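Two complexes, one shared chain (chain A), two partners (chain B, chain C).
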Partner chain A sequence: MNYAEQFRQLAPLLPGRHLDWLEALRRAGEARFATGGFPSPREEEWKYTNVAPIEKKLFKPAAGESARVDKATLERYRLPEAWSLVFVDGVYAKDRSITAGLPEGVVLPLAEALERSPEQAEAFFHKIAAREEHGFVAFTTAYFRDGALIHVPAGLRLEKPLQIIHVATRPDGLSVLRHLIAVERNAEARVIETYIGTGSASYLTAAVTEIHLDENAGLEHIKLQIETDKAYHFGGIYAEQARSARLRQHHAAFGGLLARTEIHSELGHGAECELDGLFLATGRRHLDTHTLLRHRAPQAISRESYRGIAAGRGRGVFSGRIVVHQDAQKTDAEMSSRNLLLSEDAEIDSKPQLEIHADDVKCAHGVTVGQLDSSAVFYLQSRGVDELSARNMLTFAFANEMVEKIRPDSLKHQVQSALLAALPQADIREDWL
Partner chain B sequence: MAASAKSLEKFIHKDYKPGFFTDLEADTLPPGLNEDVIRAISMKKNEPEFMLEWRLEAYRRWLTMEEPQWAYVHYGPVDYQGISYYSAPKAKEAPKSLDEVDPKLLDTYNKLGIPLYEQERLAGVAVDAVFDSVSVATTFKDKLAAAGVIFCSMSEAIQNHPELVKQYLGSVVPPADNFFAALNSAVFSDGSFVYIPKGVRCPMELSTYFRINAAKTGQFERTLIIAEEGSYVSYLEGCTAPMRDENQLHAAVVELVALDNAEIKYSTVQNWYPGDEEGRGGIYNFVTKRGDCRGRKSKISWTQVETGSAITWKYPSCILRGDESVGEFYSVAVTNHCQQADTGTKMIHIGKNTTSTIISKGISAGRAQNSYRGLVKILKSAENARNYTQCDSLLIGDQCGAHTFPYIEVKQPSARLEHEATTSKISQDQLFFCQQRGLSAEDAVSMIVNGFCKQVFKELPMEFAVEAQALLGISLEGSVG
Partner chain C sequence: MLNIENLHVQVDSKPILQGISLDVQAGEVHAIMGPNGSGKSTLSHVLAGRSGYEVTGGRVTYKGQNLLDMKPEERAREGVFLAFQYPVEIPGVSNIYLLKAALNAVRRHRGDSEVDAMDFLQLVRGKIKALNLDEQFLYRGINEGFSGGEKKRNEILQMAVLEPSLCILDETDSGLDIDALKIVADGVNSLRSPEHSFILVTHYQRLLNYIKPDVVHVLAQGRIVKSGGPELALELESKGYGWIDQSAAASV
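What follows is the complex of A and B.
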């Protein structure tokens, strides 16, 4: 049994089978996946991440309706002030979602959109992700079960953030999702993707998000990955920014056993892109973040700031690439990656890259890898804090500088609690924050 | 900006001075590569049996390897069967002293600015000159011998010191290390050999000049430097080639071994023919250079000024095996017209308290592509390892490219590592500041470019020898140091 056979049996469950264009894309994806499989560490972009453990297993997609999900778990991560779409094991759970008050037609589950307004989905589906043809992307194209279609019309500003909550419940379960976010001229939106799991068994989540930002559109996109300790996760976020479009992307990765997130954007004339991120590779986690910013037109600005912590037997990988094309004069790009390595068995691999084909540019990157400042630890100890707590406090402070950038506050507090849960001895009370 | 652009133009459109060809009778093997060619090379050099076996083994491994494709350089396929792997200036017998060396050859070196005689008196630099495939003259042998230093061509070393060659050759760069190293191991014809005995501070700078002269030949030299306990040596190499329309291959291997408390300083001024403005001709420079800090507190320092070659593929590296050993890499790489350079370093930290410093300055002009590619790897055993890396690029013109591909891998929590990179052109602010202090735009540009890679940059015009001596003399202050 392989994925092709498995999905042949489940074919009626895959949405949009009646659409020729989609069927063609699915078949192409399937063919590419069948020949290439998942990427191997022999490929330069996967040098530090070996996905053999994923390849060895055959994860199973949910068969029918979405499973019941523990309400308390869900409510812990649901933001009170946001609309939310809930996907349980990769299937849309209408009864758990809160969409009341959303302007008509702005947000639809992708499966529903393919029935009701396929031309809308066709306009955006696999337009950007087509450039990222590795095994995982092909896999999601071939086998996606659902996703969200968010289409904000020109000039509209979504008043509340929209949260997409992914919950994995079944052992050896498989969730395959494709999200489409399109923000038209002068429109603005805030989207939060939350990935969580229940239970203690392993599962695989593979999600691809395509982001189209029209002229002067604005999007704040936050991805919070707190999968369970045995989970496998692949997330691709691929964006294209038209003239003067603004993208703020924040990525917090705290969970999973083996997780990889790719964040790519192509910047048009005068576009602005801000990428912030934090990963916490504790336990046996392998957390990999790849970013790629392509400055295609003049005067775009990008700011990228990542922090990573590797402890226990964890491994953190950061690869950031900035490409400045020949026409992209007056580009201003900065990237920094700061990393804390806290244990003998942990590892940090960092690969910051600049590829520059224009001369009138300002580009810089910086990387540091080190440990906690021993004099700061000593200072706290001299004030009566024991060493372990002192170290945890300083580690928290290092990470919290990134978390502080997260909006809205309710989400920031959620991330802070997740951070404190990973540093139990920090001796920091949440109400201090 | 007009005036400054002009001064940049002037800088960019320098002629390639060493581009002449010397008409010498040469003993050249027909093009092609097979086991017989390797046997012929080995026989011509009158090598002991173990060398031939070593070469053949490398050749067999090479046959199974593929040419690396990962570097950010683009070139047509190299026809390895179209190259002659051995070319030597014809001489009845090996020259016993400088007086016996073919005057035409000496004249060539004079044109290049390496007056071998003058050097003896003035500069006090011992020179080993390698012409196409063989070493033609080594100066100052006696004085060096008095200090116990062995400085000779590789072929002589194989004849006279086979035990040292056997022990160290291939111990830093194994024959099958990579495609080009394997090719070199199979067919290398000559190179320099340096042995500094225990506690000896080499009394003078050692220097080698490489010259590719004959057409349709490749140059494959192999350099081996061994610094015994507590010794010190400073070594300079320079390279040139005539101007030709076809591409010529240069695949060298350099191995350095530093034992306890030893220090090796290795400087390169690479000015192989870069090809013309349209990118025709030029040398393919595929070089493997690696230093092994085997002993405690040993130190290896690479300094390179890379201005020539159509394509440069070169990563002088340090393996910091001994505790408290030090690795350094200082580089200025200039690419112009259609030149492509993919160069950088590897620092592998194995011993405790090892430190490494990487300073790389890339200047890209015309339609050139200039990449820094480096690896800093800190293994679990390398407690308190320390690395500082800085790579800056300067772009001159809107059709060139400058790229940075650093790899950082850390497995030891007490390690501290910093990496910084910037890319920019000469800013209007800097120009304005200099000009409002009364400097002409031209002076301002030259001042800024000079400042960008301070001490090494002034050596770019490549007036060899005495200047090269000066290059080594300059203390590595400021950014480089």
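What follows is the complex of A and C.
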């Protein structure tokens, strides 16, 4: 049995089979995946991350309806002030989602959109992700089960954030999702993607999010990845920003055994892109973040600031690539990657790459990999804090500087809790924060 | 309170303190003056328990215990406080968090319960007002982006909240404007009582106009070369260090 055979059996479950354009894309994706499989470390962009353990297994998509999910787990991560779409094992859970009050037609599960308004889905599906060559993307194109279609019409400002909550519940389960976010001219939205799991078994989540930002559109996009200890995770966030469009992306990755997130954007004239991120690779986790910003037109601004922590036998990878194309004069790009190693066996590879083809540009990047500052440890000890707590406080502080940027506050606190739960021997008092 | 006997300390096999003896009784204020590089901060750090200093001789007794055997955090909980010459910046941990952690560490050590959140806020608000600091400081990262003077006042805020028995102020007056100097001096004076002792490391007699010391010591080349009353500070101010020890002056 392989994925092709497995999905042949499940074919009726895949949405949009009646649409020729989608069938063609699915078939192309399937063919690409059948020949190439998942990416291998021989590929330059995957050289630090070996996904062979995923290849060895055959994860199984959910059959029929979405499974029941533990209410307490779900509510712990649901934001009180947000609309939410909930996907359990990759299947939309309508009864768990909160969509009341959403403007008509702005948010739909993708499977439903493919039935009701396929031309809307067609306009955005695989237009940006088509540029991304590798097997994971092909895999999601071929086998996606559902996703969210978020289409904000010109001039509309979505008053509340929309949260997409992904819960994995089944051992050896497979969730394959494609999300589409399209924000038209002068419109604004906030989208949060939360990835969690229940139970202790292994599973695979593969999700691709395509983001279309029209002229002067604004999107704040936050991804929180707190999958379980044995989970495998691939996430691709691929954006295109038209003239003066603004993207603020924040990525917090604390979970999973092997997780890779790609965040790529193409910046049009005067566009602004801010990427913030934090990963915390504890235990035996391998967390890989790959960013790529292409400045295609003049005067765009990008600010990228990543922090990584590795403890135990954890391994972190950050590849940040910025490409300034020939026409992109007056580009203003800054990237920083600061990393903290907490143990001898931990490892972080941080690889910034600038590729500049224009001459009148401002580009800067900086990378640091270091340990806790002993004078700061002593300062805290001299105030009565024991050494271990002092170390934990400083580790938390290093991470928290990133988390502090997260809005709304309810999400910030959630991320802080997740961070504390994931930190080695955390004894930080949350009620004091 | 504190007794230092013939203390020898070296760093990377380089002798820095070369036989310091000092006796500070409860309630006393001692000023230590001396040229740059004479070992004043080294002494302060050794008393607070910073690693990297090798004690090669002598002993230090604090409230009857061997101070040098205690971890830095134990010393702090027992009431030793160092206001740093160069306080570190710790972005990401708020001042108020540290104040709470520090105060509760001391209280737990004494067997007291943790401080109630409302009482704590009230206590800190009172102190911060007295130091003429903005309340917003509490919620910023420890010393993060503080001006030199603000950092020094922040050290005094911590001292005021913790009410330590032995306060070592390493050049807390350096870089302060006149108003801030008075504020810091008020902070010290309001804690001054028979239970609290102070070691003030300073280069300027100015501070001693506001905090009258019981004893003034001159530290040069790792030794206390002269001790006297408050008038010694005045004499140093007008004459410099040269007249005390020519060899010390040569190294300035």
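Remarks
Please note the rule applied: the second predicted complex is superposed on the first by the 429 of 433 C-alpha atoms of A that agree within 3 Å, B and C clash if a C-alpha of one lies under 4 Å from a C-alpha of the other, contacts with A are read in each partner's own complex, and residues count from 1 in each chain.
In this section, a residue touches a chain if its C-beta (ideal position, glycine included) is under 8 Å from a C-beta of that chain, and two chains touch if they have at least 3 such contacts.
These numbers come from a predicted model, not from an experiment.
In the overlay built on the shared chain, the residue A:354 is in contact with chain B alone; chain C does not reach it. With both structures placed on the common chain, the touch criterion links A:158 to neither chain B nor chain C. When the two complexes are overlaid on their common chain A, residue A:363 makes contact with chain B while staying clear of chain C. In the superposition on chain A, A:74 makes contact with neither chain B nor chain C.
By the touch criterion defined above, A:397 reaches chain C but does not reach chain B.
Judged by the touch definition given at the top, the superposed model places A:51 against neither chain B nor chain C. Shared-chain residue A:383: touches chain C; no touch with chain B. Chain contact summary for the complex, chain C toward chain A: residues 48-51, 71-73, 75-77, 81-82, 84, 87-88, 90-94, 96-98, 100-102, 105-106, 109, 117, 141-142, 158, 162.
Taken together, the chain B residues at the contact with chain A in this complex read 70, 380, 393, 395-425. Partner chain B is touched in their complex by these residues of chain A: 44, 48, 326, 329, 339, 341-344, 346-371. Those residues of chain A whose C-beta lies close enough to touch chain C in the complex are 373-376, 378-387, 389-390, 393-394, 396-401, 404, 429, 431-433.
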